[in-house]
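Next come the structures, one after another.
Here come two complexes built around chain A, the first alongside chain B, the second alongside chain C.
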Partner chain A sequence: MTEASFNVSDFEPVSGAREVQRISRPSLSYWQDAWIRLKANRRALISLYIVIGLLSFTLLGPLLWTVDPAAQDLDQVSQPPGADRGATIVGPFQPWEGATANAQVSGQEGAPAEIRLAEPATTQAVRLLWDPVLDAAGYRVYRNVFPAEEGRALGLPLAEILSPDRVSFEDRLDLEARTYYYSVVALDPIGEEFPDFTSLPVKVIRVITAEQAVERGLAKPGALKPGDQVQLKLHPFGTDYLGRDLLARLMFGAQVSLFIGIVAPMLFVLAGILFGSTAGFLGGRTDQAMMRFADFVVALPFLLFMILFKIAFGIGPGESGILPMLLALVLLSWPATARLVRGQILQIRQEGYISASQLLGAKTYYLVLRHMIPNTMGVILVTLTFAVPSAIFTEAFLSFIGMGVAPPIPSWGSMCNEGIKTMLSHPHELIFPAVFISITVLAFNLLGDGLRDALDARMRSTE
Partner chain B sequence: MLAYTLKRLVQGVITVWFIATATFIAMHNVPGDPLSNDKAVSPEIRKNLEEKYGLDKPVMEQYLIYMGNMLEGDFGISFTQQNRRVNDIIREHFPVSAILGILAIVFAALGGILWGALTALYRNKLPDVIIMFLVILGISVPSFVFAALGQLTLVNVNALLGFTLLPVAGWGSVGHMIVPSLVLGLGTMAFLTRLMRSSMLEVVTSDYVRTARSKGLPPTRIFLKHQLRNAVLPVITVLGPSIAAITTGGFVVELVFAIPGLGRYFVQAVQQLDYTVIMGTTVFYGAFLVFMVILVDLIYGWVDPRVRLE
Partner chain C sequence: MSEVITDSGDSFTRSAGRQLLLLGLLGVAGFALLMLVLGWLSGLTGSSSGSADAVDAATGTITLSLSGEPPQLDSTRMTDQVSGHVMGHIMEGLLRYDAQNRLVPGVAERWEITPEDAIFHLRDNARWSDGSAVTAADFVFSWRRTVTPSTASEYAFIMFPIKNAEAISNGKLHPDQLGVRAVDPRTLEVTFERPVSYFDKLMAFSTYLPIREAFFNSRNGRYGADAEDLLYNGPFTMTRWVHGAHIRFEKNELYWDKDRIRLNVIDMPYITSDSNAVLNLFKDGKIAVAGLDAETLDNALEQRWHLNRFNDGSVFFLEFNHRPERLTHNLNLRKALQLVTDPGELVFKVMKLPGNLPGESLFPVWLRGVDGPFRQEYPAPQHRVDFDAARRHLELAKQELGLAEMPALVMLTGDNPISNKQSEYFQNVFKKTLGIDVKIDKQIFKQRLAKMTSGQFDMVMAGWGPDFDDPLTFGDLFSSWNANNRGRYNNPELDRQVRIAQASLDPKTRMDAFAEIQRIIYEDAVILTHYERGVVYVRDPRLQGVVRRAVGTDPDYTNASIVDS
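Our next item is the complex of A and B:
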């Protein structure tokens, strides 16, 4: 057995040693890694662009499209997008004498032989004349938007003329540029209708007076004379049932819907973080009591309480109802985040790096700021993204049943509520706000999926 | 198990008591009162009405009377529908909502389980892609939009056929129930499909399925006995929240389709500030939802022995 002998040179590093391990790529922080993953997810990226687009639509839109969302354009009520905007200039309204005839001299039996227009039908007035009916004690005039022949669909009774001699009628009731079907029925002395009726389709052309055109800023004073054509104001998305510009209303509605949809989740997630981290950090009996309280709030029926809250802090005159809704959302929605954050905190407290940090003398605030919060941030961000669509849904639901934002302030939900009433005749008033709600919710859902896959390895979906 | 059930029931009762109290406080905070409407009422009549409804008593006494009546199951008389007891309104109109809701939840559960299983089997193939796209759409579209679109489609289909295939609105026959319950169940179905898909994907790769396959069991048997039965379990856990979603979704669907269910009366009462009806229906709905969630939890513990209830 020989004794081992060492020289100093034996302790020098071996030159040309093979590199066993090497970090071949640049080291990435958590957020850099997440961003790379998110960028690789095409659906999430498109959703992110849509969200950015919606935010600029809401915030920058009103600067570019400066139409007042409450202003009514009564020449264009319930117009779909791309409708004809032409109007003919006419002189101011002139009263009309009408016409009379002696039924016993020139009348024929049954129904008027013919209805005629006294002058071209315009949105200013439709003036009807008809042939008298023998033995008629009066006439009733109807208007419909469908042909009246089939099944006696006479439509809206416009007037009852209780004189046998009067054979004319002037219609000025909410005329729109479309085809109307006027019907005239003779009445007997006790007011019963004759079985026959006469009908006339009338195509009404849109007119405005020169003064109105000037008033609405369509032309300079004196520039127009009767017979000229003008183009009425442009409404790219059409108008609603009160003639309000839909694009402007969608932008202002977006402000309400997105404000509630984004601010409320931020507030309740923040409340949840504070509550949950306090409970998780203190632990013991305090934790038990705090979580029992959270369980209690979770058990409350959410929408019922939203409605109750809304009733209790009802909307006085001039109030929008946005703040009560925001407050109710925050008060009822925080427990989910609180539970999540508490669970995370409890889990992280067990981790080795926390013990290591403590051993090295780290203070509590350092542990919380350096380890706890950054490590829960991913989960919190995902929760936040998924909370946005549900808050938007809640706002839309409440506004739809008339428990949300008070008119005249538009929100997408209340616009749907108004649009559904005219759904059959003017579907665009429902479709636009509905599509905006759906796209927004869709974008936030897909973005949430993408963020979850990018940020949270444990929650990564099985796709 | 018994102790757990009792504990949950006691918690449920406390929650319902809180709901009742909160409703009472909310009603007393409302600006204005139920007797002030557009008709001018002379002070004498007003005084008589206040006496009749007990509004002249101190708030604490009103609260005790209200709680006492509620314990006896008496919700009082409607303010806007003269001489109609709230109990009668609930008794007459809740069954309508219940039928609609049960149909919707059956439809949602069957559809969700079927589509979810299908997407998992055809993972990343065409049926999966199409169904998952529809699911994302179903989750993103609010229930009232579905209701409106359903009604619009029905109108057009009827017009196209030239006869009434299914009635557009109202209630009474089986034909009235189909489209509203489909519409009401769609959102929940989309949600359940997604859940079922991920649960199924987990089961498909599990050891017992591999064992079954290596034993040479027929694929249909594996699918039904091993995969579907185990994958369905998580679906049961979300039935509680689903019932809540369908109950509140019913408010809107009943409104759009003019169905005389309790939801529509509740929304109307809220809009007209009909105090007793709001209080009665809120407490009723609250108790219904709270105990439904408890029931679903108990059922889950019973169905899945791995879950320890405590």
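Our next item is the complex of A and C:
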């Protein structure tokens, strides 16, 4: 008999089960997965960075660029970005008597022989003197930015001097540091111009008094004397029609625009989720009644309600209309989200796993919280991101027509409204806020687009 | 965008991108085609009026734009400038202004004015557009209607020099007792309430225009509401009035002085106050005259047009609410605000329109005094900006009012770019220098007027244009009885001076009274004068003889003619 020889090791289990399946990559949650797919979408990623950039521009910007958005710098009105800022210090403005001459004694025919400057031309004043003209009843003074030419395009008619003996004029109208061409024409007794005119090119230098420099924080009292050079305040994005800093106004305007743009959608999307999920979950007659109410709300006119709220709130003239705008937006915009969420809930209710869960004894709140809300989350987030640009646009539109913020508080919409009036002469006043609105709206839209792709569970299979 | 699509390396998005591109191209092409078709269509339909030049010498037609629509054209109730401009072309009063701004005979051939009464002799060839004669009774009817309380004319006060006018207007007497009588169809007799030195100047004002009673009654309350609801006696008749869109004047062949009128048609197919639109119309040769503002000025300079300017005679100011319950009732507060107001900075740095003059006085520079200009004979009080003095006044005001902090003041203003700019400028000035917050209440004209009348403001951006050529048109503005004294300023001394200026016949006494009013208004800071308005405009060089004036019809095309170049 052969004895079978076994040893202990023979009775040990065969090592490890055969590796049937191994998860080669780390397990990913829904959100991790969504983030990966969002990162793969370059457009959405860039938009995300832009949105983050805008938020920090709005929230951190005013801490770094501490310029009062309402402060008016009347030395630099409607200056484009990068304009020359050098100025010379001069003494305070002194009234000028001007000059007179007897035209019948020293006058000559036709046009003044010569125009002279009584003193160097500065942005404070340009003081002109000329020789009297025989038989003139008065003079007309023009100023142009081009050399005077034939055809009588002499430029801005600055003044009419209806006295033959007054042969001087002081120009203080909106003087900038550039070359002007002054022309003087004599007038006959019925106010018609003589055919000849005399011109003088004048180079104007920018000046500021020491007092003003101190007041504007450019120097310490007593540190400057006439003749010194200073640099006027820096305005990186230029100034508006009252010399207010555009960069500061854009930052503060963004606060209003983004506040409405983010808070309003958050609130009305939340309201829509509550309303829609209740209706969808309860179903039946309740659902019908609730959704007909939502249809009714859709039919309400937004602008009218905004005005009504403004009155109901007792918001007087000259006060900000932001709160009624927010309320009107929230009260009238939720039905879209509610419909979407209700549709989703109705659909999910029919799914097999819900029935299974119910059979296993799941309570209603568990069903809603565990299954329904997470499955509608993608839709909700996408609605939210798409609602942001539309709310920003609504705010801009309402402020543009003067229903929103009250001056001097800026918002992008009201800045556009102000800028559009000077679109041709100072385009930067319109372009900056308009570009900011466009970029923000575009960024939020592209981000929403990317989020939709990233959050939609069905998109997973395409990869 | 296309770069992003190709870089994604996804064939699906790439083909979608191609489709999008194709769609975009098709869209652009389709849009261009649509524009072409529309342009062609509008060329077809608009050829009757659109192809005409702004100045057409062959037909004697000029095309203009109108800044607004006249609310109605009943002369007894009209108040606005546009109505005044329209009425000046289609109606004529007893007297009118000629091209040199002299007062010349209109419907009246000659007249005699004494301290007690005036007699006007009407010309026999003055005709209404239905062919009937303009008679003294037409004036009597119109004037009585103006002062009748139920007409509620805002200009009833301008009739007050006539006997019993004020009493009738207050409902104390019957309108029949107005001191005006048609002695016969061609003689009008006016009895005065008090001696009045400027009565002839009033006769060119539009409230004094005639209305034919029979025609008025036949319109059942629609008189002046449409072109056919008016009877014309002026140089032109209105042949078309499409509300808000189009007004057309044609030469009145029945006008007694029709040989003077050289234009046949004044067509106004554009009613807009948008200065950019007006500038573009002028650029395209669609209109013959265009007003410019600070924004369109640069553009006009680049076009190398010849620019014209003139002062339209009106004065703009910040009017305080003097009702006792308002903070602005306090003189020291008003003084503080006055001392930080710099009209020069406003005009030269903020408004930037040539022609505007810094406001120094309620009385503008063009008013005549005893011999020369009023403001040369009686210079305005010297105004200096003084922040320290202003702060001292503000402290006093706070003590008097028992306030630790000054609450925000409401500044009522018009809803237009110029008012916006000004009010925001002053909001900043008052905040920066005095720490006073200002709430800006922007309202359209009608609403602003309603709020001014009911006193819902602390200060209001207001203005006043002259009605007749005498300092009194400004001087009585802040008398306690004037309905246009919206701030309810009440000062017996100022009232006394106004009475002197109204009743005296001696120019020196009157001008002294106006000088006193000028001083009170400055020292009591009744208003803060901002500027005297200037107007800059461009005109087609072929159109000559357009008269611009401070008092009377402005602009006046009745003397205009077309020179063919």
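For this structure, a couple of remarks:
Here, the second predicted complex is superposed on the first by the 377 of 463 C-alpha atoms of A that agree within 3 Å, B and C clash if a C-alpha of one lies under 4 Å from a C-alpha of the other, contacts with A are read in each partner's own complex, and residues count from 1 in each chain.
Here is the rule we go by: a residue touches a chain if its C-beta (ideal position, glycine included) is under 8 Å from a C-beta of that chain, and two chains touch if they have at least 3 such contacts.
All of these numbers come straight from a predicted model, not from anything done at the bench.
Of the two partner chains placed by superposition, only chain B is touched by A:Leu300; chain C is not. Shared-chain residue A:Arg178: touches no atom of chain B or chain C.
Using the contact criterion defined above for the overlaid structures, shared-chain residue A:Arg116 touches neither chain B nor chain C, since it reaches no partner.
In the superposition on chain A, A:Arg370 makes contact with neither chain B nor chain C. Using the contact criterion defined above for the overlaid structures, shared-chain residue A:Gly402 touches chain B and also reaches chain C. Contacts of A:Leu424 after superposition on the shared chain: both chain B and chain C are touched. Of the two partner chains placed by superposition, only chain C is touched by A:Ala153; chain B is not.
Of the two partner chains placed around the shared chain by superposition, chain B is the only one that A:Ala312 touches, whereas chain C remains out of contact. Looking at the shared chain after the overlay, A:Lys203 reaches neither chain B nor chain C. Counting contacts by the rule stated earlier, residues 316, 402, 424 of chain A appear in both its interface with chain B and its interface with chain C. Only residues 296, 299-305, 307-309, 311-314, 316, 389, 393, 396-397, 400-403, 413, 416-417, 420, 423-424, 427, 430, 434, 437-439, 441-442, 445-446, 461-462 of chain A touch chain B when the two sit together in their complex. Those residues of chain A whose C-beta lies close enough to touch chain C in the complex are 42-43, 70-72, 74, 77, 143-146, 149, 151-160, 172-174, 190, 241-242, 316-319, 402, 406-408, 418, 421-422, 424-425. The part of chain B that touches chain A in the complex is made up of residues 11-12, 14-15, 18-19, 22-23, 25-27, 29-31, 136-137, 139-145, 148, 151-152, 155, 198, 201-202, 244, 248, 251-252, 255-256, 267, 270-271, 273, 278, 282, 285-286, 289-290, 293. On the chain C side of its complex with chain A, the touching residues are 4, 7-8, 100, 276, 295-299, 301, 304-310, 344-345, 347-350, 352, 354-355, 410-412, 415, 417, 420-421, 423-425, 427-428, 431-432, 438-443, 536.
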